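All remarks here apply to the structure that follows.
Chain nomenclature is as follows: A, B, C and D, assigned in order of appearance, with residue numbering initiated at 1 for each chain independently.
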Amino acid sequence: MTTPIIAINYKAYPQAFGEKALEIAKQAEKVAKETGVTVIVIPPFTELYRIIQTVEIPVYAQHADPYKLGAHTGYIPVEALKEVGVKGVLLNHSEHQLKLADIHKLVVKARELGLETLVCGDTPEVGAAVAVLEPDMIAVEPPELIGTGIPVSKAKPEVVTRSVELIRKVNPKVKILTGAGITTGEDVAAAIKLGTIGVLVASAVMKAKDPYKVIKDMAEKALQALEKQ
Amino acid sequence: MTTPIIAINYKAYPQAFGEKALEIAKQAEKVAKETGVTVIVIPPFTELYRIIQTVEIPVYAQHADPYKLGAHTGYIPVEALKEVGVKGVLLNHSEHQLKLADIHKLVVKARELGLETLVCGDTPEVGAAVAVLEPDMIAVEPPELIGTGIPVSKAKPEVVTRSVELIRKVNPKVKILTGAGITTGEDVAAAIKLGTIGVLVASAVMKAKDPYKVIKDMAEKALQALEKQ
Amino acid sequence: MTTPIIAINYKAYPQAFGEKALEIAKQAEKVAKETGVTVIVIPPFTELYRIIQTVEIPVYAQHADPYKLGAHTGYIPVEALKEVGVKGVLLNHSEHQLKLADIHKLVVKARELGLETLVCGDTPEVGAAVAVLEPDMIAVEPPELIGTGIPVSKAKPEVVTRSVELIRKVNPKVKILTGAGITTGEDVAAAIKLGTIGVLVASAVMKAKDPYKVIKDMAEKALQALEKQ
Amino acid sequence: MTTPIIAINYKAYPQAFGEKALEIAKQAEKVAKETGVTVIVIPPFTELYRIIQTVEIPVYAQHADPYKLGAHTGYIPVEALKEVGVKGVLLNHSEHQLKLADIHKLVVKARELGLETLVCGDTPEVGAAVAVLEPDMIAVEPPELIGTGIPVSKAKPEVVTRSVELIRKVNPKVKILTGAGITTGEDVAAAIKLGTIGVLVASAVMKAKDPYKVIKDMAEKALQALEKQ
């Protein structure tokens, strides 16, 4: 049985650090337990340790650097993430893009270390190129909608359906998420109706007065949309 | 009828500039005329104008920057290359790698402007990811062999055959070149026997005492290998 | 005797390429001959050759890459610029910033090769840090004013005077230019009154209907301002 | 009274993570308490929280990204470091170099937030350029000696003395450290005799069988060298 996925990118919002960061992780965990939906939290490097020690839902890092262990200052190799206990890593977010060869290296390295990968692309074609590299999940996010509150599932549904179409041609099993502008449970339902299995969100949760309420609504609407399929 | 392709990356070798650069282009043109093989020369930005004014074989740029025309200092957009008269552009060489999204943007822009694209990848998987973006040509070059004089077609033939296999799964028509360490006509013949249509070379020609002789040998052996198929 | 300096950064504006680029260089040369003012043109890499062959005023490159000659694809080392015949090179423009150690390497290399350097900084303090490295010229340009048509000499005269003050503390002889938003001859006069010896301009000339008229006005006002001192 | 400084860059060595990272911090703390020397530990981002919770000596981050809080994925602004509780931040290490304007922004931001800055340079001239920006400490490290075990204080003492000379011309009070190849207490003593107040070390401590012993030796020799002045 498939479960819908809600992945929450903390970015570097003021709420992404300290007690607030921990609180959002706890609320995400609460929703996950109440609904059975997979909720992933993706905090900054400096907050990973504490959150991983506190919650049981999957915690991902926001990025990994394409280096091996050794004489590298201020970079975080995949091994460093493994050591701190993440379940996976977000790669190639439009705010932190990677060279193509490095995406490949990082996906392979993560797989070897038993970490999951969620790789972003900005267009359906880029999503399909990523799919060839066989990450666990792909999120296609038109950068012009990120942070706008205008959901891609409503404003550009053809981006989502075309992504699914192109990705499926080259990779039958990678999980596809919808990203960019996802704000409400309704947006999540739309994303699932368009053929994806979940969403990558950020500001809608991080800047919410009541993050629990937003995540809960997203989880419930995701489940409802999935049941109708 | 298909013609084999020899693409010569001038890089920034001392011979890549001034009179020497022009001389190599003329010798490449001579071989092209004598053999019917497609010989492409790829000089530095600063040498493009003069070489384009002088020879009739295809001249490519070594790189393009992912910017539009406008307030960008010291960058060369695809439009700038169109303006100076190139036939195409090399992208994502292992010495000048690009972010995945930028490769896509540049391939699309070049196509719109009527320029050809030759995109590099460092592994068969990366080659296949590139193939999804539909450039005109792909060269798969294991970086550890570049500049060594150890031809990939001999040292790692499985890289070439696997590249062909993975690329053909997602793109039936893109032209596939073999790169890295190609030094002699024999190496070129091996590359063609492994299923590619030509080679991307650099030091073997640029550092040769007699570039004409090297290019001529490559062209002849390429034709012979192609006829046997 | 000191001559005022007008340095024209072509950037990658549509007018920076082909015949238009050549025409602006000719008009700049005309002003230089008529007034005795030093007018420097700074076209894209791909246009350098043709412009250098055509005009006698100093031609600079917009950037240089911190590499030596050798196996570097799509990069332009200082030696490549020397070969094509530039008089100098613009470095660290706010649209093409360099790592501090690379600025040092490039200034030293240019000096060794007999090329002049014009290095940009975005604040008076950064200008002073650059001055320690002893380039020939420094332009302090607040990035928020670049391309606005709001001249720094009018909107933020204290940036110019503080730049002069901080730079002179560590380097008594480097030539200081004013940049960002310089649009008219009057702006140039203001820049000279504030203690600098000239200007770095771009859009005001590149987008002008009559570039000759704009450059001529700048040159004349610069001379008048300098005579009053 | 001045105290000598030993700053330990953990880099991304295998010992830089998990329990080993914590253990080295405790041993550094032990030396600091026993000798009164200032020992600074500089672990990777992911290890900061735990080490800061455990030891009382100053903990620095290895790098900061030149961004504000907000929509930035996988980057660590200075505010994120303040939040996790660091005492300061290492900037512009030769393995993680920054654009000049960003060094300035980061030094200013750190100062505003009450964090100390230790900025690296690769040559005496670059060290002096950094000094203009008024960080708290500067380490001049010739990159060719980093990680070699060949101490700059022995192999190139003139780099250290010239750094002190050039830096003091523009900044009378910044603390100057010696880096690159520092391996033994004797190297530290030499660094202090050459006019600097301490050292930036990495592999000598991180790869030591007994890090305590190495740090202790460095601290004692530093004190002895300082007393003789």
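In the analysis below, contacts are C-beta pairs under 8 Å (C-beta built on N, C-alpha and C of every residue); 3 or more make two chains touch, one makes a residue touch a chain.
Everything numeric in this text was worked out from a predicted model, so none of it was measured.
Among the remaining chains, not one touches chain C and also chain D. Computed from the mean C-alpha positions, the centre of chain A lies at a distance of 37 Å from the centre of chain B.
Distance from the chain A centre to the chain C centre is 45 Å, each centre being the mean of its Cα atoms. Residue positions of chain D touching 2 or more other chains: there are none. Chain contacts here close into one cycle, and each chain has exactly two touching partners.
Contact between chains, using the touch rule, shows up for A-B, A-D, B-C, C-D. Of all residues in chain A, those touching chain B in their complex are 92, 94, 97-104, 121-123, 125-126, 128-133, 166, 169-170.
Those residues of chain A whose C-beta lies close enough to touch chain D in the complex are 9, 11-14, 16-18, 44-50, 61-63, 67, 69-77, 79-81, 83-84, 90, 93, 95-96, 146-147, 202-203.
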